[in-house]
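The letters A, B, C, D, E and F name the chains in turn, as written, and every chain counts its residues from 1.
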Amino acid sequence: MIDTGDTAFMLMSAGLVLFMTPGLAFFYGGMVRRKNILSTLMQCFIVMCVVGLQWVLYGYSLAFGPDAGGGVIGTLAWAGLRGVGMEPNPEYAATIPHQAFMIFQAMFAIITPALIVGAFAERIKFSAFLLFTILWSTLVYDPVAHWVWGAGGWMKDLGALDYAGGVVVHITAGMSALVVALLIGRRVGYNRTSFSPHNLPFTVLGGCLLWFGWFGFNAGSALSAGGLAAIAFVNTNIAAAAAGLTWALLDWRMNGAPTLLGAVTGAVAGLVAVTPACGFVGPLSAILIGISVSMICYVVVTRLKPRFGVDDSLDAFGVHAVGGIWGTFATGIFASTAVNPSGADGLLFGGLRLFGVQIFVAAVCITYSMAVTFALYKAIDALVGMRVDREEEILGLDLTQHKEMAYTLLD
Amino acid sequence: MIDTGDTAFMLMSAGLVLFMTPGLAFFYGGMVRRKNILSTLMQCFIVMCVVGLQWVLYGYSLAFGPDAGGGVIGTLAWAGLRGVGMEPNPEYAATIPHQAFMIFQAMFAIITPALIVGAFAERIKFSAFLLFTILWSTLVYDPVAHWVWGAGGWMKDLGALDYAGGVVVHITAGMSALVVALLIGRRVGYNRTSFSPHNLPFTVLGGCLLWFGWFGFNAGSALSAGGLAAIAFVNTNIAAAAAGLTWALLDWRMNGAPTLLGAVTGAVAGLVAVTPACGFVGPLSAILIGISVSMICYVVVTRLKPRFGVDDSLDAFGVHAVGGIWGTFATGIFASTAVNPSGADGLLFGGLRLFGVQIFVAAVCITYSMAVTFALYKAIDALVGMRVDREEEILGLDLTQHKEMAYTLLD
Amino acid sequence: MIDTGDTAFMLMSAGLVLFMTPGLAFFYGGMVRRKNILSTLMQCFIVMCVVGLQWVLYGYSLAFGPDAGGGVIGTLAWAGLRGVGMEPNPEYAATIPHQAFMIFQAMFAIITPALIVGAFAERIKFSAFLLFTILWSTLVYDPVAHWVWGAGGWMKDLGALDYAGGVVVHITAGMSALVVALLIGRRVGYNRTSFSPHNLPFTVLGGCLLWFGWFGFNAGSALSAGGLAAIAFVNTNIAAAAAGLTWALLDWRMNGAPTLLGAVTGAVAGLVAVTPACGFVGPLSAILIGISVSMICYVVVTRLKPRFGVDDSLDAFGVHAVGGIWGTFATGIFASTAVNPSGADGLLFGGLRLFGVQIFVAAVCITYSMAVTFALYKAIDALVGMRVDREEEILGLDLTQHKEMAYTLLD
Amino acid sequence: MKYIIAVIQPNRLDDVKRELTAVEVHLMTVSSVLGCGRQKGITEVYRGTTEAGNLLKKIKLEIAVNEAFVQPTIDAITRGARTGSIGDGKIFVLDLHECVRIRTGETGGVAIG
Amino acid sequence: MKYIIAVIQPNRLDDVKRELTAVEVHLMTVSSVLGCGRQKGITEVYRGTTEAGNLLKKIKLEIAVNEAFVQPTIDAITRGARTGSIGDGKIFVLDLHECVRIRTGETGGVAIG
Amino acid sequence: MKYIIAVIQPNRLDDVKRELTAVEVHLMTVSSVLGCGRQKGITEVYRGTTEAGNLLKKIKLEIAVNEAFVQPTIDAITRGARTGSIGDGKIFVLDLHECVRIRTGETGGVAIG
């Protein structure tokens, strides 16, 4: 039976998660150069359109539709939302309209490919990006969502815990980002000219929209407005706070000043890491997750990335993959049935199995995402070319891909 | 009896709809020239203040108060919110406090006159604008809201369907915009100098706030957190996505590049068109509404507008009136009692009558809005003058109307 | 028993209140000079992190934990959220998880010290700021919150009415702001160079985020989604509207033009003043509160401040302290048991006692906040120095405190 | 060769460019500047604090030309920029010692156009 | 006639303007530039990547004056802009061949003021 | 002394600075300008309205040097800025009458460096 409180909660949460994609757009858009902000915003915006449609047409059915067998993929039975209506689907959420669950999940499907934008920013061809996004959603996101969250999904049945998408969202997007960053190559001028963020206030705005929207993402994943939603909400805030502070302090120690970009980056890393864990752990664990993820991501982003010379331009890998992997492991460490009886116990509470499952699941999804992304990249590159010309890159994607400029020059 | 879920949903929805007006302000503000952004923001902001007060003082009573007879206007019985308290008013919404319904509707009354701002941007005198807004709210918005949504309203009794304001909000505002654009004349420099948007990221931010807030607008119009709210929410997202993508593709085909301004404009057009339909149609209809509205608005904005030389500066007519009219007709085509039994069947489902009613209602509201706006314009122009001096227009409204500059020049 | 509607409402409200801090950051950030925007944003952002942690570690326990005796402070019984879980705590809110109440309150604890930022903007040393914030939260906010809202708090028992934080939030922050502004001294160039806001659109954006988030702040303080929440919501919107309009009109009369900065400032003042009153007064009282607060704050900010030569740079005192004090008194004037039977009657309705209590409570909190802030300032100044060097101030805090620049200069 | 610097009203740029094109002057460098001159600005007000607006937005043109083009260029700018009101701007003519086209290395009069 | 270009510290503008007014120099064109000089900038850090801050914000003044005003103008700028620290800036004096007031068409010394 | 003004492509700045450093020219003033030249811009489109992109982003360098440095400076800029495509930019050399270091009051050749 439909519960109005739960329905109100889920619709508002869906709105919040949708709002994260513009948040991400500004988070990223502020970090690129003036000549590329529109392309970055556009990539995020068009994902809202394209995946928004893909999801109702067939994506939801692939991910959450009746299992096609073996827990590998859903059938097309619910394509075009056939049979997905006002009545609840008790397999997923017994107290809200099925469409409410569907649209909440749609917002996750939207933001995930948008996360990858950070890896190839400032040099990807828009047509190639569009193709990549549609195919990636279909071939990576939808199946993995089915494995982990779909009724009958094999990872779900294995006992993997991913409360709000550490694996499904952040690992898939972040690992694919690494593959694309490696294949597409470094930006023109890498290590020769400055790539300073052209508008940090936009990045801060975006980061704050993400933090705000993440309440819908994590607490909404309880699918009902009760104690678990509250716990997830609280852990989300704690981890963001702990990680944001940690990164700022690391910056202070290493570079002599606590940077704002660092604090915001840290907070996002904290939000990523707590995503899989937020409904299974207590508040002190959330603090530890927040502190540790910032330390790990800090090393990857500021030490390893330059050493390996990978131009993961806006750290889609360094924050989302690394944070998502650590969060998935951390769930296997800190999860407690005392917090959530429908979860399992992590290492800390004597549960070895969960920890093993989490590592296994992460490994499989890492491998799968990277392999499919590699194949997609090669195919699309052969077809239309992934990267713009050198001249176009120098002029900027706003002008060459979209015939627009973000800011007037004389006016 | 008050339902906490419904009340939570309606208060949050009211907040979201209020949030749309700043969204609109930035959507518009990014499109004007640097010297006029504050005036554009100010016009939207002051509407939040003025109509926010007008509504509680007498506007709500005119629109939703006890019918004065004939379904033409409400009485002043509820002026100053007399009798509008914590108890539900079952005529409108039986499960939420009457004040919650009132304030939800207030937000609609606020955003509607703000939409018109797009037509006369960069050249209207602030005092004239203020007068116009107050009178327009009283003489256009309040009566039309009464006809369509008020208890005993004659269009409501006729069977007109307008789920969330295609007629009441978008047609009235958009048609009035056309009248004002024609009467106030073109901006100085029209067709001679560039009117390029001075800050497209602001426009994108505003567009995304609109999309986000529109969930409150449309889903909130269910007045309860149940299946219909979910349907309206889903259709909203679908139509925005379909229309945004369509406009981008049209741009690509016609101008060689998919523009971000186009994608955002399309999404807004989609949101407009689905507004009257969202609680009556299924998801595939929402896709069709989204695709078709972008095609129609695209032609009006990029082909007809320049041909007729109308300086509807930010396309308040081209997007809101055109989208609102098409959405109203589309409701008469795609509405289905299978989706919402309390609605009616559209053309597609054999319902000829509804289609006729929708056309009739649209025609009446178009005529009424245009006539009253014409009279108001002439009266105010005679009284205080609608347009600023040529020199003031060249210097910009920010300095001449508000003694402020948006951005420092040297600092 | 947990009510899903109330829980949905409170979690969403908590999200909205968290969102106010970024809103405040942009409200303030737009007003400073280009070279200091990041420092202003950073101060607000780091408060989200630091107080977010402080609150779960011990702040919540000090403020809302079991009374240590005499209603003066809570014990550390709930430190680290020990015993604060999914079950409701009926002493505070019987229908939502205790953690939901805790996190809602956390957001208040966060925004309060962030308000003070406006007083010492553009010249405070970041390390000193950080120390100050942690100590101030612990020694001012937590005790005062206990007195007014904590179970057993002495002001609560006295019958003081502070619906959503006029005393606890605005008076404490605003009066402390005055002390810091006086002690830290004026900015270099005061009265010699221009301190014009470098990006007013950001200020407007921030102001609108504040307005939006304030619905969570005020309506959420009902702790349940019912009639009182609706009343508080409505009064919030009314007071903001009335005050915003009033300030614009005053500007028009005094300076020849209605400024946007004025309108937004007024709206914020209205929101401040209605904060303590919103759950106790009717809509017409809310209009009066809005109009009057703008008149009072206008005089303080534009007349008294320059006369006394206090560089309360962004008017943290002039808006928050003055507005909070007036709102606290206004509650003692306009409160009515006809609106909220669990409140009391104000002067207007024959209640002398309440008015007296309000004045007394305000006076105590003013004195307490000022005294503790004075002591903290002196201690921290001796320890690390509160103010940056003259050269650093001239170069700007973004570069000297955070090694970042908000906008690229050539790119 | 001369180096001509002109400060004009922002909204005259399009007309000035039209006039320059008419006399075959196509190359120039444009920037945004602030002018302090006879023209009075509008006083700004921020929370009651007034700021005398004594710096006004102007556009600066820099045009290097051969001698034969000096007078036509001055005349074209004047035609395009003159409105007759205070604030129309000024034209400054400096001697240009040398000019180099970076692309080709050409110098002198041929490099200018 | 001379065309004086001065590069100064941003926060000295108000003082320089005061000094110029004192010597009856009221007309000038102001713009925002970046200076690369002896003065060391502050290194910026973005996610661990450091950027040597070798371009510093400066303000450029352009003032056309008659010969009699050259030295007073230089002195006034110096008075207003000097702090004694590295980075105070430079004044460059160029010969000005001609000057035209667009509004009236006047040329030469009378057009300058 | 000469006052050298160079207009270059924005993305060549770092290379030009490297070349200038190599010839011991360290002091300069940089600003953002728009160039109108041979190079064609990209037409922009806003809701179907096209804007011919005839103003392109460029960077302007101003460098005052003693005579001995004139040719090395020109050569260094050319080396750093040349790509061989239209739009590479121009270098203009003006006579510099006087130069003053604000900090010390030094004038002439010693003040320049």
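Everything below uses one rule, namely that contacts are C-beta pairs under 8 Å (C-beta built on N, C-alpha and C of every residue); 3 or more make two chains touch, one makes a residue touch a chain.
Computed from a predicted structure; not experimentally measured.
K.L.:
Which chains, if any, touch chain B and chain D both?
P.N.:
Chains touching both chain B and chain D: A, C, E, F.
K.L.:
Which listed pair, B-F, B-D or B-E, reproduces A-E with over half its contact pairs identical?
P.N.:
Within B-F, B-D or B-E, the interface duplicating A-E belongs to B-F.
K.L.:
Give the chain pair, either B-E or B-F, that is connected by more C-beta contacts.
P.N.:
Result: the pair with more contacts is B-F.
K.L.:
I'd like the Å distance between the centres of chain E and chain F, where a centre is the mean of that chain's Cα atoms.
P.N.:
Using C-alpha averages as centres, the distance is 18 Å.
K.L.:
Could you give the separation in Å between the centres of chain A and chain B, each centre being the mean of its C-alpha atoms?
P.N.:
Chain centres of chain A and chain B, defined by C-alpha means, are spaced 33 Å apart.
K.L.:
If you average the Cα atoms of chain A and of chain F to get two centres, how far apart are those centres in Å?
P.N.:
44
K.L.:
Which residues belonging to chain E are in contact with no fewer than two other chains?
P.N.:
Residue numbers touching two or more other chains: 13, 30-32, 34, 44-46, 55, 94-95.
K.L.:
Quick check on chain A: which residues sit in contact with 2+ other chains?
P.N.:
Within chain A, the residues that touch at least two other chains are 3-6, 8-9, 12, 194, 196-197, 199, 205, 255, 257, 259, 261, 403-405, 409-411.
K.L.:
Can the chain contact pattern be summarised as a line, a ring, a star, a complete graph, or none of these (other)?
P.N.:
Chain contacts: complete, every pair touches.
K.L.:
So in the complex, which bits of chain E are touching chain D?
P.N.:
Residue positions touching the partner: 3, 17, 26-31, 62, 64, 94-103, 105, 111.
K.L.:
Over in the complex, which chain D residues touch chain A? Could you list them?
P.N.:
For this pair, the touching residues of chain D are 10, 13, 30, 32, 59.
K.L.:
Provide the residue numbers of chain A that touch chain E in the complex, in ascending order.
P.N.:
194-197, 251, 254-255, 257, 259, 261-262, 265, 298, 301-303, 306, 315
K.L.:
Which residues of chain C touch chain B in their complex?
P.N.:
Interface residues on the chain C side: 3-6, 8-9, 12, 16, 33-35, 95, 194, 196-201, 204-205, 208-209, 211-212, 215-216, 219, 224-231, 233-234, 237-238, 240-242, 244-245, 248, 255-261, 263-264, 267, 282-284, 287.
K.L.:
Over in the complex, which chain C residues touch chain A? Could you list them?
P.N.:
Per the stated touch rule, the residues are 2-9, 11-12, 14-15, 18-19, 21-22, 25-26, 29, 37-38, 41-42, 45-46, 48-50, 52-53, 56, 80-81, 85-87, 96-97, 99-100, 102-103, 106, 126, 199, 202, 205, 401-408, 411.
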